[in-house]
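Across the two complexes that follow, chain A remains constant while its partner is chain B and subsequently chain C.
So, the complex of A and B:
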């Protein structure tokens, strides 16, 4: 009956309850849609940048990331390799050997570039490299040929079938010079990468630089990207000296900083929305506690103890916010879902900007349930804390005073 | 044996610099089965006295013994529980819970006592019948007249099988017909079921029906007459 009383009390002042619920649900609605957009954008930004560059986790020679020099490349020992490969959370290892060099054609200036020795199949399987190929193909295992980023090819005046000259420094002071036929062109979203990248077979790269059996990094493909830091710690503990595992956060701190600055702005707006919700609920609770005083007085007089009365009233105020939360969540869901499936396409300046960061110019919304859960819970907790005001006033109430008019 | 016994009861209120002696040394004893009215001019202390007896207010001095128990020794929570089991209340107005039907209002108090749903329902209907409102059982208070609401309040006060019913001006907001009806019911319950009533009133018709009149002025008993 207490439950029934609480529920019916919600509808006692219909207009006020509906206004309260509406204000909770609208504010929550905006908070949810905004957050869904923001987090969706981050997810897509992170994953596109991560997939185009470092991967989520990399196993490297100790100190490689700071110097990025072939001298710090490494060759994992059998034992370590077995441990990492057989770990249940690691799906695969994608080996890379990368180095900077000068590039030239027989009729152009030289240009600096990044040579990436790769296993084409794995890069395509995990990072979609094949999708970026505009013409030609990626070098098959053992195939002697290079794929040029599109802009780089233009600058060098090269096209498929021409020859690329690489002049560089190899491992341990050796020189690394070679001539390779161009077998494909790739369009990379990041303009810098598009101006400078050359893909070559891993073995060809090892041969070119004399770094036989060496890698600058092995990209670990984790089963889940949720607990990278924990996985890193666990794996690192298994490794012998001379190599280390880095997460993308460690490799790209700038990316994190940019996102966090942006997220802080979003949190400020969230805070304001929560304030709106809080005041809406509190106003109602204040009015409710004041106007019910005589009734509370009578209930305590006839023998309803304060705890029960407080629980009933607490239920009432919680129902009120719960209904608002449900409504706001339900309203926001189709919108987030729609833009999750049909991301907003950016155009003009925005499009250019995102592309410069190597991201697709779209804003997909996130439908991660944790967004709804978190914000629903936050609002519920806010309303419960405010609901304590009514509880408090019930505990302080003197029935005689409450009934005197 | 007395079910209510006050000895040298005082209640002072501070009003600025002066002290108002709202109840000033009252010794009152009420036996089982009485139908007693407390009368007196406005401000004489009737409400204060009833509040002290009902354990809603604390005395400045003196004792209130209900069913052999000095009730002001009880903690707040114990006192609420004591009221639930020993005293039925009828107030002047706003007695009923607006969101519950007449029957649910009567059942409510039995629910607080932990009675089973079946027992509650049966007794609530009996009591509503006794106050002539079995047809109105499912109406909410705002669908009932003032007199009907007070009758439901009497039914609710009896639901807990209290030792007595305290009523502070139960007819103050009623027209004369409703006052008659309510009095008939209270009187009948007193005569037939032996329910003890202690109420305050200004109303001559109520005074006429009372069996014992306690006249209070300036917080003191000036006369106490039995018919």
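So, the complex of A and C:
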């Protein structure tokens, strides 16, 4: 009964209800599309940067990440290795041995570069490295050869079949010098990486640096990326001294914070929007309770319980915003969904800007249901709090005075 | 007409609470909008200033080939002449030449790629204020000492060096031979951007020239800072005219994305103000529509006694404008004062410090707004309100005077 009354009350003043709903749905629509875009961008930025660099979880020698020096590389003991490998949440381990060195060809300057010793099969399987190869191929297991990032190859004046000279510092202060044939060229999306990366087989790298059996990191491939922190804690507890497990959040705090700062800016704008909409809803509730004073007075004096009246009015105002919320959510869904499937392609300066940060120049939208839930809920809570004004005014109402007007 | 304004003014105060809610919502909306915009402007300006001061300067001159490939041999052919014509120009505040080599810095603990900048101590300090960035444990370059080097704090941590330690630099010289030289850390510099700290090391130009096997007046780069940033483009044209064989670039060429974000900033923020105003106009329309509907009878009477439709229409529009002409300016004034206050005290963003540092700015943000932005905002408020007022005013026009006064 109360429910029905509230519902009918909503439609007593159609125009006003529709405008109020429209304002709620506009704000929510805007908020949802914006958040969906922002969060989608972060997701894609995270995953592209994570996949191109550290992976979600890495098992490293203690203190390696801070110094990133071969001296802190490690070689896991059998026991630990078995424990990690057999953990049901870990699909695989991808070993890496990385170090900086000087690169040269016979007819150019030397320039610094990052030598990444990898297992090509695994890198391709989990991080799509093979897709980035433009010509040639990645070094197969045991093959003696290097793949150069494209820009680096240009700068060094090297192409497939030429020889790359590596001059560097190995493990325990050994010198790490070697000559390798170039067997492939890779186009890396991050411009910095594209200017400096050399891929080499893991065993060749271990031989070059004298770090036999050592790794600078083992990337753990988790089954799901949702509960990394918990997985980290669980795995860390099993490890013996000397090595540690880091999540990408620990390895790249700058990335997170830059995104969080950006996200905070977006939330600030939404906050203003909600503030403004809140006032709009409040205005409606104010009008509604003012124009119905005589009616409320009559209802109370003929014996309607104040609580029931209050509940009816509260339901009425909640309906209003609920309808607005539903409308806004439904309207925003096709847009987010469309751009989720067909990300916006950036061009011109924007493209350069995103590439400078090492990301792909696209803006995909996120369709994570939690965005809809959170913002729908926020608006609902705001309107419910404002709805309390109507409840309050009903309890304060003096029927005689209200009817006399 | 004056009467109309009077009536409209009194009308909006007939329901004080309702009008106040609208006025306050406009005021708060505009205030918050301005403040957020000022914050974004401030952030962007600070980033730009920091990057120009530390990294790009206003103008840079290179040999044309340098842009594609930073080879030792691509030296500026008229370095001395360029230097003297730049320093004789009054619009130029500071100018400094640099020798640049790519190489590796190594200690027993770590080795990593670096860009080695050979600088003229005094000129460089004037250009980028390098001496002030050196922390208290070390010193800036002086004439004395052999092969001193300045290292960024982030790199120093990795190399595990402090002032007095030795660092080996490896790079190739003009004959493509590998040179390995030992440098003594003179000081550790800090920079807002940790990327720069990891990448750039500074040595004296003479030391580097000698090791590279190039002349004492050979440089790869000349960077200049104008007294006034707005002159960058005209100075660039002038200098390019003087030295057609060199590549002269302004910061807009060197960092196009910086110039771009600068230019779209204002548009973006006006869009945000527009969206806020759009949300506000729902409230305005609603309130004014109610005001018209509850005064149906009164408006009917007015029309019956001979008030023209045009006047009724204008009256409603004026009432609507009053609402936002009180709320809007109040919001703008509040915005102005809070921005001015923010300029003095700054807003601390300590929580995001690492992220901001990689973005190239410090943690204290000073909001700032070009004064044209206030006028733009005022214009948006006025236009949007005018648009919002049309619906309720039209509704008043459609009232049938006879019908409205017949009902109770």
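The criterion applied here is as follows: the second predicted complex is superposed on the first by the 405 of 405 C-alpha atoms of A that agree within 3 Å, B and C clash if a C-alpha of one lies under 4 Å from a C-alpha of the other, contacts with A are read in each partner's own complex, and residues count from 1 in each chain.
Following the convention adopted for this analysis, a contact is a pair of C-beta atoms (placed from the backbone, for glycine too) under 8 Å apart; a residue touches a chain by one contact, two chains touch by 3 or more.
Worth saying up front: this structure is predicted, and the values here are computed from it rather than measured.
Visitor: Using the superposition on chain A described above, determine whether A:71 touches chain B (first), chain C (second), both, or neither.
Guide: second
Visitor: Tell me which partner A:173 touches in the superposition: chain B (first), chain C (second), both or neither.
Guide: The second partner, chain C, only.
Visitor: Just to be sure I read the superposition right, which of the two partners does A:273 touch: chain B = first, chain C = second, or both, or neither?
Guide: In the superposition, A:273 contacts chain C only.
Visitor: Output check: A:396 vs chain B and chain C. Expected answer is one of first, second, both, neither. What do you get?
Guide: A:396 sits against neither chain B nor chain C.
Visitor: By the touch definition at the top of the document, which applies to A:299: first (chain B), second (chain C), both, or neither?
Guide: first
Visitor: State whether A:12 touches chain B only (first), chain C only (second), both chains, or neither.
Guide: first
Visitor: Can you name the residues of chain A that touch chain B in the complex?
Guide: Of all residues in chain A, those touching chain B are 1, 4-5, 8-9, 12, 294-295, 298-306, 308, 399-400, 403.
Visitor: Quick one: which bits of chain A touch chain C in the complex? Just the residue numbers, please.
Guide: Against chain C, chain A makes touches at 15-16, 19-20, 22-23, 26-27, 30, 66-69, 71, 99-102, 104, 107-114, 155, 167-169, 173, 196, 253-261, 264-265, 268-269, 271-273, 275-277, 279-280, 282-284, 286-287, 290-291, 349-350, 352-353, 356.
Visitor: How about chain C: which of its residues touch chain A in the complex?
Guide: 15, 17-18, 21-22, 24-25, 28-29, 32-33, 36, 39-40, 69-72, 102-104, 106, 108-114, 157-158, 160, 170-172, 176, 178, 194, 256-257, 260-261, 272, 275-276, 278-280, 282-283, 285-287, 289-290, 293-294, 349, 351-359
Visitor: What residues of chain B sit close enough to touch chain A in their complex?
Guide: Touching chain A from chain B are residues 51, 54, 56-57, 76-77, 80-81, 83-85, 89, 91, 94-95, 97-100, 104, 107-109, 111-112, 156-157, 160.
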